[in-house]
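Same chain, two partners: subunit A is paired with subunit B first, then with subunit C.
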Partner chain A sequence: MLFNSYSFILFFLCVVLLFFSLPSRFRNILLLAASYYFYMQWKPEYGLLLAFSTIISYYTAILISKKKFEERKKYIVACIFINLSILFFFKYFNFFNDNFRSVFSYFQLSYPIPNILKIILPVGISFYTFETISYLLDIYYERREPEKKIITYAVYISFFPKLLAGPIEKSTNLLVQLNTVPEFNYERIVEGLRRMLWGFFKKIVIADRLSLMIDPVYSLPSNYSGVYTLITCYLFAFQIYCDFSGYTDIAIGASKILGYDIVENFNFPFISKNVGEFWRRWHLSLSNWLKDYLFTPIIFKRKGWKNYALVYATFITFLLCGLWHGAKWTFVTFGLLQGIVISYELMTKSIRKKWASEISTKLYNNISLVLTFHFIVFSFIFFRADNMHNAFEIINRLIHFNFNSHILSEFNKFGMFSLGIVFLTISFMHFVERKYQPSLVGFNNNIKINYIFNCITLTLLIILGYFHPQIFIYFNF
Partner chain B sequence: MENSNQEKLYKIFAKVFDNPNLIIEPQMTANDVDGWDSMSHLSLIVTVEKEFGIKISGAEVMRLKNVGDLLELINNKTK
Partner chain C sequence: MLRLIKYVIVLAGISFLISYSLFVFLNIGLRSQKNDTFPVINELVNNNENIQVLFIGSSLAQNNINPIVFDSVTKSTSYNFGYPGAKIEHSQMIIKRYLNSNHPPPQKILIMLEPYVLDTTLEINFPVQYYPFYKDTIIYNFVSKYDPDIKFIKKFPFLGVTKYNDYLKYLGVSGVLFPNRLTSKLLKGFEPLDKNSWKENNELPKNRTKELLISKRKLDPEIKRLEEICKLCSQKNIQLYFILPPTYKGKREKNYNPDNFINDLKLIVEKYNIHLFDNSDIDLCQKKELFFDYHHLNKKGADIYTRILANLIN
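After this line comes the complex of A and B, so read on.
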């Protein structure tokens, strides 16, 4: 069941009506039933995996909280190992198996392990596995007490607005709220609806329209010129932003209507002045997870290495960040590119500060912003391409950029009307988000402005929307 | 002893964050101090180990919730 489908709207309406009509003690049971119903629409068997992961992490947390700190390690390691093994099996088994087979055949050795046919990645597994791990580590590091009620904990893991593609919720936020009783609040509902409308606009009007232009180029890059490919690379940055942040807006809005505040995932990523800053503005919940549960433990394990510990931790973190997105060399390359540039930024922090003071700081910041944006656009080639061959083909098109080609006729190939719509809608989105912040989109004390704003968004959605439900890109991760 | 540890720790903070006027309170966290990022956190812990002549494990660092926890850890290790 996709957010951008009529069946989801009907489902959500029923959940909201039941939620506020039921006595408070039944609300978490309703949310749990609704979340599993929502999840099992994809493939019913995978509901069992979700339940298994929930049950073992719930009981492990209770068990380790009763042990002394020194005795906890073996239990937490075992539980995390089980959770990661499930993730590994479904997401990475064939990838590593193929690569081992290639290495063996290179040395002309026989390799007996066949690939497992027809592994379908359980949607949302990367997101909920990371949530169970963060909960277990929070208990391990004594940051919180284990949740006593299994229903409440199960809702925290499976809460349907964020189950399929995050934000990756920390137990110190959503789980705490699930122990409270949200009251029916008209203003919150209006605010939530507005946020959902904004998410639908970004997904259906901008991202899905852009996908019609971008997908053919990535399918057959050799058919397109350098100019055309270059425009596509820029457009993809906006497609992925609108697709993922649009999904997040709908998730945040839906949670808000039910009375819960889940975390923000974006904070104007394309105004970042360095790549480190980009990752503090892009997919925040994943970046924070990686920082808290991977990067920081690694640097303190290797603190004797001083600044080299940071470089080492950066590489490991971004290698895994790349792999988290999928079992492909393109994602590994995407992660490694981030690791290389962020390591450079870490090692040159003081010298760059000096450069900024030598030339004007404003000029330095503007140059940094442009360079960062172009690096991100470049690294997204690996993020989007289906395989390495495809990515290099795209880069090859860019290298053999023909300045003599008729740029206007290349623009024409996209269709001037489509490009015009894309330009106008992206500008409208940028204007609104910069003025009101994503978290307060369209939220203004002036009721007239609110009304006009919502009417414009809704009109654009109806007139320009591409109403052939497309899957959200992050559902593949 | 505990007071002198506190004074010494706050001097380390001023040195690491290169700000002699930095005001530090036990309940403060990384979110309350400008520039308290991964790099300065690593530098802070390494300097604390050196100045107090103690060893702090990775797991101990991960359990610290605020400045007060760090001070308590130092007090326990220098007893």
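After this line comes the complex of A and C, so read on.
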């Protein structure tokens, strides 16, 4: 069940009506049933996987909370190992197996392990595995008490608005709220509706329209001129932003209507002045997870290495960040590129500060912003390309920047019309988010503007939407 | 709760009103469009001129017969209502719709036939082109069988615009704003094909619905429709012609079991006293330079063939 489908709207409407009609003690049961129903629409058997992961982490958490600190390690290691093994099996087994086979065949050795045929990645597995791990680590480090009610914990892991593509929730936020009773609140519901509408606008009007232009180029880059390829590379940055932040808006809006606040995931990522800052503005819940549970522990462990510990931790973190997105060399390259540039930024921090003081700070910031944006656009080539061959083919097109007769057919009148719509809608999105914040909280105090804005968004959605439901890009991760 | 319901109703009401207005606006533009087959459907619905000879069928009609050449030979008025991928039911709809107009019925109807037109598994080609005409009952009844989206449009016209992609929106807007700039590739419904597009590797389509015509049972509904057309034309005193158009070197798609098809046609022809012209292997079929591909003539080929056909009919 896609967020951008009529069946989801009907499903959500039923859940909301039932949620506020039921006595508070039944609400979490309803949310759990709704979440599993929602999840099992994809592939029913993967609901069992989610349930297994939930049950095992729930009981492990209770177990380790009863043990002394020194005795906890083996339980938490075992539980994390099981969760990561499931993730590894479904997401990475074939990738590593293929690569091992290639290495063996290079040395002309036989390799006996066959690939597992047709593994379908359980949607959202990377997200809920990370949530499970963060919960276990929080219990391990005694940052919180284990949740007593299994229903509440199961809702925390499977809460349908954020189950498929995040935000990755920490137990200290959502789980705490799930133990409270949300009241029916008009202002809150209107705020949630507005946020959902905005998410649909970004996904259906901008991202899905852009995918019509971008997908053909990434499937057969050799068919397109350098100019067109360059434009699609820029446009992809907006597609992925609108796709993922659109999903997040819908998730946050849906949660808000039900009375819960889940974390924000974006904060104007494309105005970042360096790549490190970009990751503090892009997919915040993943960045924070990696910072809290990977980067900081590595730094702490390697504190004797001084500056090199930073570089080492950055590399490991971004390598895993790349791999988290998918089992492909393109994602590994994407992660490594981030790692290299952020390491450079860390190592040259003082020199760059000196440069900034020598020239105008405004000029320096603007140059940094442009460079950062272009680096992100470049690294997204690896993020989007289906394989390394296509990624290099696209880069090759960009290097041999040709402007041939093809360009005329690529930019026909109709294409220009679509591009015009894209330009106008992106400008509208930028204006709204800059003026009223990505979370649109700026609308809360003005009823008239709120009405007008919602009317405009809904009308634009109907008029300009591309109503052929397309999967959210982050569902693949 | 009431406050929330009021809020949603006001919001949706305003948006739906604007969206409906835009849908009406786009439909006006699309109905006057000259691109694709919009002018053909427009001619069918509005009947701007009194037509004496109708050409009906799939792209074999649309690309193979030039009404302007035909008119110059026969001194009559003709129009090509060929539609890419059209099947018998489509042809039936066109005849019904045309006869539903205020004009006197045509004198002659020529249906281009090939085994493929009996294939009912394929959908209508680009059904969205019919959406601006969704209020027309005959068109609606036909399209709704194949494309349920038109039912959605009829029920919720304020959401009709959601079914149009950017291309149709562009056509709709340009149709209203720049009506004088619209030009059509079509010549009275005839779409000339590029003479240089023959590809050496062009082969007959393979594996296309192999089982279809082999199963006689599945064939029956379409043959029945053909018979219905015959009855209708006979009631209205319209002379009906079945034409098997030229194919390069007389090759037909074997998958469609052409022998069965021709046998069925012959039975109908005898029963209803209809003219059948099998032009699938006439002299011009040997000339590669007249073909666009195995089944479609290029502009030059279409002009020559139309002249041959006009003389046959005369």
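The criterion applied here is as follows: the second predicted complex is superposed on the first by the 462 of 477 C-alpha atoms of A that agree within 3 Å, B and C clash if a C-alpha of one lies under 4 Å from a C-alpha of the other, contacts with A are read in each partner's own complex, and residues count from 1 in each chain.
We adopt the following convention: contacts are C-beta pairs under 8 Å (C-beta built on N, C-alpha and C of every residue); 3 or more make two chains touch, one makes a residue touch a chain.
Here the structure is a predicted model, which means the values were calculated and not measured.
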- Since both structures carry subunit A, what do subunit B and subunit C do when superposed there: clash or fit? fit
- Thinking of the overlay built on chain A, is A:R143 touched by subunit B (first), by subunit C (second), by both, or by neither? first
- Message: Output check: A:C455 vs subunit B and subunit C. Expected answer is one of first, second, both, neither. What do you get?
- Response: second
- Message: Looking at A:F467 after the superposition, I want to know if it touches subunit B, subunit C, both of them or none. Which is it: first, second, both, neither?
- Response: second
- Does the superposition put A:Y59 against subunit B (first), subunit C (second), both, or neither? neither
- Item | Spatial angle subunit C-subunit A-subunit B, Cα centroids [nearest 10 degrees] | 170
- Message: By the touch definition at the top of the document, which applies to A:W355: first (subunit B), second (subunit C), both, or neither?
- Response: neither
- Message: Is A:K301 touching anything from subunit B or subunit C once the two structures are fitted on A? First, second, both or neither.
- Response: first
- Query: In whole Å, how close do subunit B and subunit C get at the C-alpha level once superposed?
  - Reply: 39
- Note on the structure: Dual-contact residues of subunit A, meaning touching subunit B and subunit C, are none
- Which part of subunit B faces subunit A closely enough to touch in the complex? 38-39, 41-42, 45-46, 57-59, 61-63, 65
- Message: List the residues on subunit C that touch subunit A in their complex, please.
- Response: 1, 3-4, 7-8, 10-12, 14-16, 18-19, 22, 158-159, 161-163, 165-167, 169-170, 173
- Item | Interface residues, subunit A side, partner subunit C - complex | 184, 186, 189-190, 193, 209, 212, 413-414, 417-418, 421, 451, 454-455, 458-459, 462-463, 465-467
- Within their complex, subunit A touches subunit B through residues 69, 141-143, 291, 295-297, 299-301, 303, 306-307, 309-310, 313, 346, 349
